[in-house]
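Both complexes shown next keep subunit A, but they swap its partner, so subunit B is in the first and subunit C is in the second.
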Partner chain A sequence: MADRAVSESGRARPRAAMAPWLERLVLSEYLVFYLTAVYFLIVWPIVPQIASLSSLYNMATDLLPLLVVAIGQTFVLIVAGIDLSVTSIIALASVVGASVMTADGGYLAGSPFAVPAGIVTFLAVGGLVGWFNGWCCTRLGMPPIIVTLVGLMFLSGVAIWYTTGHTETSSIAGLPRSFVVIGQGRAHGVPHALWVALAVGIAAHLLLRHTVFGRWLFAIGINRKAAEVSGVPVDKAILWAFVISGVCAAISSILYTGRLETGTPVMGERILLDIIAAVVIGGTSLSGGKGKIVWTLGGVLFLVVIDTSLKLLGMSLFVVFAVKGAVILFAAIIDAMRQRIVQRG
Partner chain B sequence: MRHGREILRVEGLSKSFFGVRVLHGIDLVLREGETLGLVGENGSGKSTTMNILGGIHPPEAGSLMLDGKPYRPAGPRDALRAGLAFIHQELNLFENLSIEENIFVSDFPRRFAKLPLIDRRRIGERTRELLAMVDLPHPPSTPVSRLSQGERQLVEIAKALSSDARIILFDEPTTSLTRRETEKLFEIMARLEGQGIALIYISHILGDVLRVCDQIAVLRDGHLVGSGPRAEMTVERLISMMVGRRIDSLFPPRTTAAGSEPALEVEGVSQPGVVHEVSFTLHRGEVLGVAGLMGAGRSELARILFGLDPHERGTVRVGGVTLEELSPEVCMRHGMAFLTEDRRGEGLLMEASIADNAALPSLRDYATGRTGWIDAGRLRTDVTEVAERVRINATDYASMLVKNLSGGNQQKVVIAKWLLRRPEVFILDEPTRGIDVGAKYEVYKIVDQLVADGAAVLFISSEMEELIGMCDRIMVMNRGEITKIHHRDAFDSEHILETAMRTDLVGQAVP
Partner chain C sequence: MTGGRRVALMALKNAPAIAFAVVLVVFALLSDRFLTVANFTNIVTQASHVAIMAIGMTFVLLTAGIDLSVGAVMYVCVAVLALLFGDLPVLVAFPLVALLGLALGAVNGFFVVQLRGLHPFIITLATLFILRGIALWMTDTRMVFVAEPIMSLGRTSYLGVPWAIWMFAGVFLSAWIVLRQTPFGRQIYAVGQDPAAAAKAGIDVPRVLFAVYCICGLCAALGGLVSIAQVAAASSTFGFQKEFPVIAAAVLGGTSLFGGRGGVVGTIFGAILIQTVENGLVMTNANPYLYPLVTSAIIFFAVLVDSQRSRILDAMNRRKIRVE
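Let's look at the complex of A and B:
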């Protein structure tokens, strides 16, 4: 008589019936890779050139700096924070770092230490801004979204102001060859940037999965109070998450600056949403406590494939934005559905 | 006992969550004018049964028959319409509204059929009738905020009656009631029976169940392990059915006596408005109980001692070493551990696994060098060892999420995470709150083992019996001060209660 609710297997049948294979797919933690593959297969017949060697190579090089900055963002999202200032860090580090190295009146122009000092400058800018963000969020107890949103506005302005102090044009060019090569050089067809991104990715993965610090971050994201009662140095850990985000943004800035061969204060202006979206689509939770570097890689891959395909379709920038927004929304809807299935059990 | 007409029949009711079966073919019969007692430990399936009857969860297998017709509620409203009303443990009244508004909030009678105008007069009349049925002599317009817990319970019952309920389910209705209010509740329940209403009564207080129920059904691990008329049941029989074995005494015998070496010395700890000049010494191998009423400053003291809350003055020595500052990190480094009373909010990462929870306070001890690289193998071995020692009931500690465990097992996870650190001084704040008889006994055994191994335990509890059963000394707190320390050979629950209450009764004038 209990016709509706009983099933042979003894498991609760979901109200909206879903094929088991589909349910398993939707519930997979690597869903974003499947979505990317499906999307790729759909657009392939429409724009066959997407599978060409040069297009694949371009996608890979587009992906690398975005991946690095998204990895930093993953740390902050895991502790239930958010870092909106990353693109301004990219811009500020770019112009400050360039001003050290540039042949047109750089502080260390021509010196053999110009490039190492320039790189240290990039990292220092990122680390300091990250440290300040973290300090505001922990010591002053300010909400991360406010701190980093204000940081975004302020630092973008500072980057432009700093540039005007060094050059009449809108960007700082004349960077040493040995620096530029980090962003655009390659050996045996493999871009140098790949090694940088790989190193950052592996280090981040190991840090999150295998160290005390990583485990603390997850604990803080799940329940900050419980972490505190368990003796986790909550404030210190959050502070370091922001520093990591800042340093990752700086590394990303090195790659972008090298690729462009100039330091410019508008660098990264348009990619803020891409960064956050990539991490979240990958599966890292905005409410904290959940995240993986591999997921972030998947999210970045997804966005880059969409971006490339839309450009190949010859769409204007505005259409690209609209379509990208729609696709991200679609991915978010799937994620929401997935949460509902998990919760229903 | 009268045997009325059968009103509800449950047959072979089964349900699973996350692939885990929580109900296995439950059969229940409820007759008009009868009270059915439902007992079992936490996690035995009582709430799930209730929730299925109330339309919150759909059943997976089995049949529900109401008046001989299939009953399949699609939601709580359906259940209410079918004549089932629920009185929950935590009452669901709007404190800012009046009695009459609370009773009719889901369906105000209208003045004109279609217009949104409330017929105040009819509400008032009807409320007065309903309140008379539950013996509550307040005007219908009295705000609920002015009522006592017991009176609020009666309002809930009146609300159930307003929907013409034929079955009323009580879930732990007496937990926040005084004895007199409980008696009043039982009186009303008897009156409802007389009107042919069927009652389901869920409670941990077995004496009450034996008193008010005509039939009693016992659940264990989702199985119906026994049922029958009250005359066949005794407290001992119910307990042995609930836990699946006999519990000869509620408390294990203490295996060792308290030592004389001080483990925790507290001197003149004060924080304005919280605690005042608190001084005591806790010895190795000793269980020192802390008794007191709500708001006496017991939990507050514990939080100060573990460095979670600030204090203005006073010194704390652990193992003879004066702590330079109080913070969880410093306290833990000196061998202290703290089990919080707020298990969900502060004790556990609900969304994490048993293993991750157990490892959290000890991560540093399993890291090599300055890199903080965790020795996962050693950690896993030790976590498994400690989880097995406290007997957490789960197969896979690494994948089972804490939120899917019963209250007792969750508490064992909190205990396990601190045991992994081999604490010298363990502060337990209400360690048995909200867990069932069997799990309580196991917690007591863990405490006994701890002190037998030389640790010292500060045991905060609101249950006088467990303090008397487990402690070497009991310290009574009242309004932030220690008023008296009782020794084991002179324990007397009434006397202890008296020292806890004396000045309070003077202070708390009736508003």
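Let's look at the complex of A and C:
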């Protein structure tokens, strides 16, 4: 078997073997962290202000909400699904949650329960949408990409329509101070959002690596039929993966909404492909069965560092687009190289 | 099989056609201007660019692939047409733009073939960003305009049929012939159903995969040409997220995302159905905020019915095996 693999790949690609250090680097699961560090060190002399405190702080505030939603996406990708509806969940949760709390005509304006109820509303919207996505993909047997693509279109329509019912302007402002502070406040220089993201990250890591549920997810992603035969409650596990993705999107929406101090239906509209790109650059496979929260952190970090550096370099929109595309393609090529090396044994 | 079950199966088999009929009846009852020839010409004209692109997408979906870059290809082609080929006669400029689309599709195809084992989703996501970046750089994120001969093309008709519909019909017929009447078409279905088995049967799988992405790029360019002739100007959001309605049209028409099942006849129905719904909503003076809700709900139900059909067919096959 091994011999055949060698001869086959040898015939297909008659090329010299890679240097061992390069091979080890390519195979390293933390490659994206090394790349981020190398990139940072290259850019540092060109734009010294990238290492300034305010720039690092900005990068952190850009990174945290993106990280939270990307963590949710990781769960769905591990079971070989995909959740394209996350940005619409962010938008819908933002406007529905804001409509509960807002001082101008909110359902609970002025009540001491406004903020807790608002937060529960965010989470409920995310959880319900995630549950519906999961239900369609399991009980109804629909393909996740189409279910969540329709969710993306439908929910963004609902978010806009909901907003028109609550305000004359395009967004819902007047949010209570104690809510806004979650997204933009900081204590001793540490943003509150960091604690939120840290809690989500640690919980997600523990769930994936140290619980039976986590094992189920990987088993389903590697071979769904085999998992089913071995007694894994496949449908239930996939359903929960989508619920987690929805709730993570809602938490990310809380952070974004706090930062903007308004609930707006176009929130997150343009970050959908960034979210999926970040998770995949980290090394999580689109075909399921492979993924880690730390990898997702690496992918998000990489994208944010590149974004920030290009902005500081004064690059225009087109360069940002093209570089992002090149980075994704690069990650794809690295992944393909890895598979070849592994196959060659 | 009981009679009731057979009727249910018939209904499931022709779900897109039934959905289409229901939509027609509902809007015809709601608006007396809806069911007219002029309005239908209008619908098909407006649907033509999405339909042309969705035909290309169908080829890719049949091999169990996906192409997210169609909107970006469309934008690059139109930007090149407006900025570089502005002075060329239409008969020279259009084939050049079509060739450019083919070449951009070939780039996708090259990477899909070279990076086998990696989902085309991620490759075409990358080319989406790169091509959109290139187009934004070319246009400097400003509005671009096409020359008068192209604009007037948008208003021309032959034999009373608008130019866009001729283009649409031409692309559809060629695609239908390729898929249904040629060995290459059968190879596409074979690769989509089981690439390993197709390779064993002697099909050059990489060549087929490369070709379908070229076709998809070509169709994206043609869709861009049809669209720009109608609107005459392209802003920096031209073709942005166009991949979503294009994929939706193909899937609505019954093409499976898992490859090997579907065809271009369903796809054009899908594209026209989406446009018919939007047109009907305008005709009945519906709240504009409801448009995306109604359109996406219809796509949802079409896919729901499609997936239930596959399940019922699977269940029936299983029972047969047990009886034997």
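The rule we apply is simple: the second predicted complex is superposed on the first by the 330 of 345 C-alpha atoms of A that agree within 3 Å, B and C clash if a C-alpha of one lies under 4 Å from a C-alpha of the other, contacts with A are read in each partner's own complex, and residues count from 1 in each chain.
Convention: a contact is a pair of C-beta atoms (placed from the backbone, for glycine too) under 8 Å apart; a residue touches a chain by one contact, two chains touch by 3 or more.
For clarity, every value in this text was computed on a predicted model and none was experimentally measured.
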{"item": "Touching partner for A:120 - first (subunit B), second (subunit C), both, neither", "value": "neither"}
{"item": "Partner chain(s) touched by A:154 [first = subunit B, second = subunit C, both, neither]", "value": "second"}
{"item": "Touched partner set for A:42, first subunit B, second subunit C, both or neither", "value": "neither"}
{"item": "Touched partner set for A:164, first subunit B, second subunit C, both or neither", "value": "second"}
{"item": "Which of subunit B and subunit C A:289 touches, first, second, both or neither", "value": "first"}
{"item": "Contacts of A:227 with subunit B and subunit C, given as first, second, both or neither", "value": "first"}
{"item": "Subunit B or subunit C, by number of subunit A residues touched", "value": "C"}
{"item": "Subunit B-facing residues of subunit A, complex", "value": "1-2, 4-7, 10-12, 210-213, 215-216, 218-219, 222-223, 225-233, 289-290, 345"}
{"item": "Complex contact set, residues of subunit C against subunit A", "value": "111, 114-119, 121-123, 125-137, 141, 244, 247-248, 251, 257-258, 287, 289-293, 295-297, 299-300, 303-304, 307-308, 310-311"}
{"item": "Subunit B - residues contacting subunit A, complex", "value": "14-19, 21, 58-63, 70, 72, 306, 308, 328-329, 331-332, 338, 340, 345-352, 356, 359-361, 363-364, 366-367, 371-374, 376, 417"}
{"item": "Partner subunit C, residues of subunit A touching it in the complex", "value": "82, 136, 140-143, 145-147, 149-150, 152-154, 156-158, 160-161, 164, 273, 276-277, 280, 286-287, 316-326, 328-329, 331-333, 335-336, 339"}
